[in-house]
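Structure incoming, see below.
We call the chains A, B, C and D, going by the order they appear; numbering starts again at 1 in every chain.
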Amino acid sequence: MFRPELKELITAGKIYDLGQPWHPGMPHHPLHPPFVYGLARKHGDVQYEGGGSSANDLFAFGGHTGTHLDAVGHISKNGKLFGGVEAAREQDYLRGLSRRSIEETPPMIARGVLLDIPGFKKVEVLEKGYPISRRDIQETVRFQNVKIESEDVVLVRTGWARYWDHPALFNDHEGVPGVTLEAAHFLVEAGVRLTGADTTAYEVVPSKSMEVHVFLLAEQGIQIMEMLNLEELAREKVYSFIFIAIPLKIKGGTGSPIRPIAIR
Amino acid sequence: MFRPELKELITAGKIYDLGQPWHPGMPHHPLHPPFVYGLARKHGDVQYEGGGSSANDLFAFGGHTGTHLDAVGHISKNGKLFGGVEAAREQDYLRGLSRRSIEETPPMIARGVLLDIPGFKKVEVLEKGYPISRRDIQETVRFQNVKIESEDVVLVRTGWARYWDHPALFNDHEGVPGVTLEAAHFLVEAGVRLTGADTTAYEVVPSKSMEVHVFLLAEQGIQIMEMLNLEELAREKVYSFIFIAIPLKIKGGTGSPIRPIAIR
Amino acid sequence: MFRPELKELITAGKIYDLGQPWHPGMPHHPLHPPFVYGLARKHGDVQYEGGGSSANDLFAFGGHTGTHLDAVGHISKNGKLFGGVEAAREQDYLRGLSRRSIEETPPMIARGVLLDIPGFKKVEVLEKGYPISRRDIQETVRFQNVKIESEDVVLVRTGWARYWDHPALFNDHEGVPGVTLEAAHFLVEAGVRLTGADTTAYEVVPSKSMEVHVFLLAEQGIQIMEMLNLEELAREKVYSFIFIAIPLKIKGGTGSPIRPIAIR
Amino acid sequence: MFRPELKELITAGKIYDLGQPWHPGMPHHPLHPPFVYGLARKHGDVQYEGGGSSANDLFAFGGHTGTHLDAVGHISKNGKLFGGVEAAREQDYLRGLSRRSIEETPPMIARGVLLDIPGFKKVEVLEKGYPISRRDIQETVRFQNVKIESEDVVLVRTGWARYWDHPALFNDHEGVPGVTLEAAHFLVEAGVRLTGADTTAYEVVPSKSMEVHVFLLAEQGIQIMEMLNLEELAREKVYSFIFIAIPLKIKGGTGSPIRPIAIR
């Protein structure tokens, strides 16, 4: 459902592209597959009558490679998916998840809010392993003079999108900044529908418990987007907008590539 | 650019999902790769501290598998991509197309028009190999009392989406209905920005020349969508709407999976 | 079972490599997937304690990409796999073939015989679409002064391996030379266990019936190898040898990549 | 080169299959891709003239998925591959390794020796995380009354192949048994050409340094095989044999699937 009152958020009609590109060598979390690509056929390999020819490709990657949306069923706690669903009964190596998979996620159109944490902190980019606290979020909301409303999509910027072309930096094993558990609690209390960040794992990594994933997905059923590109929104101080993300309807999928956009 | 005057097309705020699902065994054109899928890890395979666990997946397919958008550079004519670009210079098995690739396609938001050819012809579904003529399109426009405007996205329904679960039927080797060259000329004269259909190849197949692809992509630079699901739009007689499709920014890609939507 | 009397075929102990390399852009039959490859991790992306690091990769291809061995169940005739097995009951998009799949093929060690057709015909390479007749085979056997014995593996050379680096030539759509149906009958009468060639399809292509595949696989249960590299054997006039090919035990697989060897 | 004096190792002519099967859901090291598989076409999807039809498949996995052979260049130490080769100069996300890749590994035919550690220790299977010491190896050699000769291939059995159908057990995160650094030194002193085991990582895991990999591959240039199935050899007390493994010639590859065999 597109809530028609969102129409007023469209003002200039500018579209912001919040997705990173897909290409071999792009950063990927070490536990997820990389993106591999190749042409299957080049122009000229096969010739149609009349002079036509075509090129086409083959690629392999996964539901958490590149800018993506986690399915609710990506994470379990004590063997349970969100809502007490027994994970062991609903998963299969061949077919993926029979419940809580990404195919259950409809196209997402909602009011979006950017929280530009480094913008508030007057830094270019958050430092390694920086934990974004509840207070960081509250103060950024105030500083940006924006309101988080129920059903909003909240995008948290760390500035790490700029490391995209340096996979070792982007996935820094000494620590990637992220949203803390208490900050995630704040977002849930505010009624957010969906949240995301410009890093590999939304929360601080390395993490032994992945506690923010467990809380949001397994306990709250709130989906997470990762590897967003929020640089242009931040540069232009666009703090609220229409947000659109349309996951592929992958049967059984634990996540889907997306290329979200903001319209202002 | 989202043209703000499109806002008036949003009335009830209903979102129509125009994409087919992705799953092993889904139909695919014999010259393009199928979709293969598997879990890489099940819940429980690796346990985090505190009881969390995660599942994730790996898949392989191509830019023309499932509901997708062709890049302009998918097709060449006499060795040239649209605009006289020498295909041989711009293609590489490793990197795909260095020009005219899908990464050049921005998120698409436009006025969309449905042409429900079987609706006009009072049939459930077009017959095998039926060639949709210029006149079919003109008469359907009149019958539906809709106008095709410059920059519109025109979606042509054959009704074949209903064969999705029967791949041999969907790709019927005796003939799939499609848009003829003269009908494609009509759409170009009308100024369409993008067009698509609910079949495997938009035009009639088998075809020895792929003449509609050659005309639209290589000569006109107009991109094509295939394997759309237009059933719900047709059922509800929604003939004009806001159309949104956001291809993945695959570097060098000859096409991209999409899950387009219509908002009314 | 390795028949110990084969030991006498090992004389100099030289190993001949009969496989083509795997790499992006390698030739592949248009109906089969290409080979795509990429590193998942480079040295330095992740550092172990003590200075170690590792690189690893991801690839996608199919059981008939590159030098490979067809499973008996690759081909059916009138809906039946070899031995009257109903194909429809034994196939599944997710799991492949439940009978006649490549996992049923044991490691192959046998006496091998090379039939160097262009060697006999005093040409470098067979011409486009050349049909290798029963008489070509008989005369090559005589010319080479070699005997085909029961349970032998017979490798038929056309010389097309030299087009490997020119995929459009290797898959020439005007015609690739190959073994004719009458020649295949000769091989079956001679009791061969397995046969192969250095082309994309063993038999002459294009072919509307794939009659040699149907005869050998579906009617006789004799497996076929394609895209062998027989150049070195031919150059050194090695016409009989120990032949070894070990397919991967891919459950349900319709074929497997192999890198066969000859020992002399 | 096949050393003809190896011929005497062929006695009964029995072939032992040392490979595990490939199938979705098979165990894989968490840092390597899983195996995913699907049919691209089923029998009947496309019909040839005369009643023939074919099935074929698509799969995705990596060079360290399933029974495999590491390329020398899989591991680096302080940025160097074996022989002082600068890793950073020889690697590329698109093309893999330009030196020390798996394509440099010829087909391997050698004398093989099984070291059945649990056989010597009178247990069914080694316990979790058990470190196989130099002394374990020396005593097993003595117990089995076998000699390790220069250029031998030494296969170390832990018994973990029996956990193949239980991926979480096979990759047990509390510890998988393996060869220790001092034991690896012993094998190098003995002049082994190649070594392997029936576990996921040859050495004890988890390991923060992967010290045995670093020693064997980066310092000694000795390749490692993993996920072998040594159960039948052990059951029949076959301690020396002709060993054959033929890696696929994957350009740039960091490893290759193999299905090794032993002949006795």
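Just so we're on the same page, a contact is a pair of C-beta atoms (placed from the backbone, for glycine too) under 8 Å apart; a residue touches a chain by one contact, two chains touch by 3 or more.
The structure presented is a predicted model; accordingly, all values stated were derived computationally and were not measured.
Participant: Interface check for copies subunit B and subunit D. Shared numbers divided by all numbers used: above half gives same, below half gives different; which is it?
Facilitator: Both copies, subunit B as well as subunit D, present the same residues to each other, with over half of the numbers appearing on both sides.
Participant: How many degrees of rotation carry the C-alpha atoms of subunit B onto those of subunit C, rounded to the nearest 5?
Facilitator: Superposing the C-alpha atoms of subunit B on subunit C needs a rotation of 180 degrees.
Participant: Taking each chain's centre as its mean C-alpha position, how far apart are subunit A and subunit D in Å?
Facilitator: The separation of the two C-alpha centroids amounts to 38 Å.
Participant: Where the CA atoms of subunit B average out and where those of subunit D average out, how many Å apart are those spots?
Facilitator: Once rounded, the distance between the two centres reads 45 Å.
Participant: What is the distance, in whole Å, between the centres of subunit C and subunit D, each centre taken as the mean of its C-alpha atoms?
Facilitator: Using C-alpha averages as centres, the distance is 25 Å.
Participant: Which residue numbers or ranges of subunit A touch two or more of the other chains?
Facilitator: Within subunit A, residues 24-25, 30-31, 33-34, 37-41, 44, 58-60, 93-95 contact more than one other chain.
Participant: Should the pattern of chain-chain touching be classed as line, ring, star, complete or other?
Facilitator: complete
Participant: In their shared complex, at which residues does subunit D touch subunit A?
Facilitator: Interface residues on the subunit D side: 24-25, 30-31, 33-34, 60, 93-94.
Participant: Mind listing the subunit A positions that touch subunit B in their complex?
Facilitator: Going by the criterion above, the answer is residues 1-4, 7, 10-15, 17, 19-24, 31-33, 37-44, 48-64, 66, 73-79, 81, 87-88, 91-97, 103, 106-107, 109, 207-211, 213-214, 218, 244, 246-255, 257-261, 263.
Participant: Provide the residue numbers of subunit B that touch subunit D in the complex, in ascending order.
Facilitator: 24-25, 28, 30, 33-41, 44-47, 58-60, 94-95, 167-168, 171, 173
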